[in-house]
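My questions all concern the structure below.
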Amino acid sequence: MDDEARTIMKIRRVSVVFDGFQALTDVTADIPEHKISFFIGPNGAGKTTLLDIICGKTRPTQGNVRLCNQDGTETILTRLPEYKIVRLGVARKFQTPSVFGGLSVMDNMMLSLKGHKSVREALFYKMTEEDRTLILDTLKQVGMESYTEERAGALDHGHKQWLEIAMLLVQKPQIIMLDEPAAGMNKDETRKTGDILLAIKDRCTIIVIEHDMDFVRQIADEVTVLHEGKILVKGTVEEALENKEVQAVYLGRGGEKDA
Amino acid sequence: MRKRGLLAAVLAMSLLAGCGSAGSAASAGGSSAASAGSASSTASSGASAASGDTVKVGLLHSLTGSMAISEEAVRDAEVLAIKQINADGGVLGKQIEYVEEDGESDPSTFATKAEKLIDEDQVATVFGCWTSASRKAVKPIFEDYDNLLWYPVQYEGMEDSDNIVYVGAAPNQQIVPAIQYLIDQGYKKYFLMGSDYVFPRTANEIIKAQLADAGLEVVGEEYADMDQTDFSSIISKIESSGCDVIINTLNGTGNVSFFKQMAEKNYTSDDYMTMSFSIAEEEVKTIGADILKGHLVSWNYYQTTDTPENEAFVKAYKEAYGQDRVTSDPVEAAYDAVYLWKAACEAANSTDVDDVLDAIHTGKISFKAPEGTITIDGDNQHCYKKVRIGKVNDQGLIDEVYATDDVVEPDPYLKNYAWASDVQPVES
Amino acid sequence: MSTIITTMFNGLSLSSIILLASIGLIITFGLMKVINMAHGEFLMIGAYVTYLVQLFFQNFLPAAVFDLYYPVALVVSFAVTFLLGCVLEKLVISHLYGREVDSLLATWGISLILMQLARTLFGTQGVNVQAPGFLTGGLSIGSVTFSYNRIFIICLVIASLIIVSAVLNKSSFGKQMRAVIDNRPIAQSMGINSRRIDCLTFGFGSALAGLAGCSLALLGSIDSHLGQNYIVQCFITVVLGGVGNLAGVVIGSLIVGFSTIWVQFYTSSNIANAIVMVIIIAFLQVKPEGIFSRKSRALDD
Amino acid sequence: MKITQDKTKNICFLVIAGILALCPVLLNSGVISSSSFVTYIGKCICFCIVAIGLDLIWGYTGILSLGHGLYFALGAYGMGMYLKLQATDGQMTDFMKTGGLKKLPLIWSLFRTLPGTIVLILVIPAGIAGILGALIFRNRIKGVYFSIISQALTWAGYSLFIALSPYTNGNVGITEIQSVFGSIRGKRHFSNMAMLFYVSLAVLIVVYFLSEKIVKSKFGKILIAIRDGENRTYFSGYKVSAYKNTIYVISAMLAAVAGALFINFNGSVTPTQMTITYSITMIIWVAVGGRGTILGPVIGALLINLCEYNLSSGVLVDIWQYIIGGLFVVMILFFKGGLMGILTEQIPAAIRKRKASKPLDKEKQELQAH
């Protein structure tokens, strides 16, 4: 893998304590731009907590997360409310598919568009042609262009997942974070999801949490293994999988999990 | 309440032959035009109005909500009077048919329902209301439609309307003499306590003026919120005020909580004498005679008032609504109101509001009531009433300890009292 | 000095009254997440049951044993409200799990019905419960009097708190209950009859309300509106304390009780109501998690 | 298909509005005998307005406010103060004198003119709602917690209005006033009443279509998004609290407008209008009519109040309490969509089922047999 990839996000010495329970301990990592970085590890390793911190759902007890802008300046994300983080182009897909069930697919997409987020703008917003085409193109990417008028609540699990991914893409984010996107998907759906991610990789940076090792092998550029809130190993898939500790703590259980 | 209605029906039927059925139809059925109408015609078969020709009146009280506690008894009294009048031939030979509306303890609903009764049901007159709030809300409606309201409850005064007859006491027929009585008894330090609404506040303004005139001291003034259940802090204030008498203008449920919690602290009328303006026989029943005995109240009528009319009234009331029920001043006033209206109609030889009002303005309309003869003042349309100070006894009834020798002229604005100038409303 | 003691005691007893009234909510609201607006009416039912038991003793038993009516009433009202609670759960609440706001509205409809039922059965006028001998009057120390009834209520509260925590933490029923609340499907797969547990849990909460109503009967008027006088304070107390948290609700009731008494000491009761509410809102500004702390991975539940 | 449904809803509304508009005419031509009934319809129109406001925050945004009585009453009091000052031509009132005030309080003197009053009627509730909303929503207090707090606040407001008797006339409130057009009672004041009636109806129509516009806009979509997934909306980059606050203020203002019109019909306002019971009654209208549609609340408010008008009297008083209570429970339990839901979803669904199940009947029986 080419090492001159620019670092787009710096996670610095992040620790979190939920009433007494040490969820993350002194986690430090750099996220390279235009790469698919995986965080793997057994349940309770703190993967989701890490994403929660990046996107502002949880505040770290110590440390911070910085976004490296193109102009070389850095923005400290861990001080901002989530909606501002999103507006900076850091988008997240949650473990359980969470689309707006009461709205049509089109409206779901429309709400996810960049800009027009303030109350005043929302009151007088009119959808422009390019917005419409952008939405339709994005839906095409996830193969949902024919679903525009469906109620999102009525979609099946896989389509909800893809819609949510499309909702992330249409924001034109710098960074996309996905929490177990393949969860509850069959092999074909998983593969399709992987293809989608590979397709968008050149437009943004992708951070994924996943248990499904085939999925990891399919698309991962770089893997970080978490265990009990600490970073165990960081490297390519192969490096990670050869590591003894990793096999000890993760693969055994991971294996069971997949079986 | 329905149960009571049916009970009443059964009793009435067994007791007052035919007209009972009119009563039952009416009281169980609250009167829909049809039922009461037909019933009453059968009722008075033989009586003058065999034609079934009827006159409609309205009853407007809270049958639901927080005020229903007080107003139900009053309504029952009005129904009783109507039944009795129908039983002996009705008004000008017409059977009285009553239309009943529920004020829901909400003055706005009172306004709506008053308008409905007058304009839609075309009633000849309305008996109703309890709180000043509901009265004030319907007053302009009765004036605009030029109809007539009979208001059965003592109130704070400072009001008169051509379209309301005030059958309850004006302040000078309840509050002022009661305070005078206390002054004469030699009480020095007064603590004023009431529910936080207009009657107590106005009453206390009057009382303060009167006490100031007598050079006596008000050592405390407290207002409890309408549904207050814990009086411990007010009681503490009473203790620290060093008063020797409490002027109590709490209403309904507040009284129960207050006196029960006084008793909790071993206080009896010997420790703190109270003079209450809203405690009648019903309240005594719900609070308990053991707690209330020895305390003072001020009204124009008690169940024990010793007149032949009262004997008959109490008997009829208990027969109609059960032996456990008691009569009280508002109940009696409501009962009188119906008969006063009857008298006015007969004097005017018409049930038309204007004629009735003309008759009332002669100042000659009177009724030999359970409390003694009461007469409507031709100008301010309040009643000449006897004032009676009473003491609660251990049967839970109220014994008269003082009464004016003669009826007192109603003076709603306290014009005859120099000290009241500050509490009188703006001249306009 | 004596005024201070009295004020403290007043505060304590008002707090205990509020706590007693809201203790049932710790179960129904705190644990089951059911907003039972008819809670106040269960207080009312408890009070009316007390009245009926007293009536029975007056009419059918010798005066000597009259005072025994009260302990009997405590038991009976607990039982009656428990049964009514179970019925209500089966008929209405069981349809409403996970629909908190709807449960609030539906139970409000129930409370309308129950109030009218009380009017129909007992008439609109209040009824009187005579305090038993051992609860009449108070214990005077110097210039200060501690009412036996208030002391009794404080004891009753402590007792109920102990019962509740015991039931929740010790008894197998409590364990099953918490299992169902934590994770319904797993609990079911472990062979716990969750619907039965729900029913019993709600019944238990209602029964605590009935118990409270029994002692409130001695404090004031017993009429169809009794419940309405407490309901707002109860809910605000539970919210203030942090839902589902025994200790929190105790603190909450103390805050509400003492601040009310303390403010009433300087102003009228109505102003006090307003000010106390402002205090609570202010408090929630500082400590909103006193209201809710959720650790769910699902984004929106 | 969705579009056509919206169309039909709007047509339904216009039909209803048309029928309402006929009432004064019918009264004048003697078809309706009593003017009091038409006055009551006028009150119902006000209820429709507040119901729409409630639906905007409950039906669409999922915020249940148990305190809208407060805003309704604030509007009514505002207008009431103006009308009272008209009645006393700017002099201080009796209750102020009895309350020991020496001159007209400042707050009252602000309501001397109609334009000023109208502004204040909108600004004061908006201000209060804005501040409360800012405080409460900022802390992400939502769901039943918001409901309970709004309830407590209403209670506080009620207590305050009772306590400040010299300024508000305590529990009696503001009475003995005429509408802005003069007295409206009885046939001889028909023209005034008609004027007031049509003004109110016009307001209702404006409010209806304004609300329709709001919920169809992106803003409205975001409200629904908040209802379906509040945190998700945050993570789509929206400052949810701001949106909640905005819609809360709007609906508070609608309630105030309704109150201001209401007192013209009613001729008095008391703190009872800001009790919790009264506030929840408003919720019933929305729940029964159908939350999440603008038409539903209008139907609900009209239907419930007309029933109450005719049923809460005489023999029916007790039964009415059972009916309204029971109806409410049933609606909440089984018909979340209220009447609108029944009309637009349940019934069509039932019909479809009927059609579908016809050929399957045989199999059904067989299944039952086993």
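The first chain written gets the first letter, and so on, giving A, B, C and D; residue counts start at 1 in each chain.
Everything below uses one rule, namely that a residue touches a chain if its C-beta (ideal position, glycine included) is under 8 Å from a C-beta of that chain, and two chains touch if they have at least 3 such contacts.
Source: prediction; values computed, not measured.
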Least hop count linking subunit A to subunit B through chains in contact: 2
Pair sharing more residue contacts (C-beta pairs) when A-D is set against C-D: C-D
Reference subunit C; chain at largest CA-centroid distance: A
Euclidean distance of C-alpha centroids - subunit A vs subunit D, Å: 44
Subunit C-subunit D separation of Cα centroids, rounded to whole Å: 32
Separation of mean Cα positions, subunit D and subunit B [Å, integer]: 36
Residues of subunit A engaged with two or more neighbouring chains: 94, 98
Of all residues in subunit D, the ones touching two or more other chains: 159, 162-163, 228-229, 231-232, 235, 277, 318, 321
Where subunit B touches two or more other chains, by residue: 1-2, 63-65, 196, 223, 225
Subunit A residues within the subunit D interface of the complex: 55, 57, 81-83, 86-87, 91-92, 94, 98-103, 107, 110-112, 116-119, 122-125, 149, 153, 167, 171
Subunit B-touching residues of subunit C, taken from the complex the two chains share: 3, 6-7, 10, 13-14, 17, 116, 119-121, 123-128, 130-131, 136-138, 140, 145, 147-150, 216, 218-225, 228-230, 261, 264-265, 268-270, 273
Sites on subunit B touched by subunit C in the complex: 1-4, 63-66, 68-69, 71-73, 196, 222-225, 227-230, 232-234, 236-237, 239-240, 252-253, 256-257, 260-261, 263-266, 282, 285-288, 290
Touching residues on subunit D, where the partner in the complex is subunit B: 33-37, 39-40, 43, 88, 91-95, 97-100, 159, 162-163, 165, 169-173, 175-178, 183, 185-186, 189, 266-270, 272-273, 277-278, 309, 312-318, 320-321
Footprint of subunit D on subunit B - complex, ascending: 1-2, 28-32, 63-65, 99-102, 104-108, 111-113, 115-116, 118-120, 131-133, 136-137, 139-141, 144-145, 158, 196-198, 201-202, 205, 223, 225-226, 423, 425-426, 428
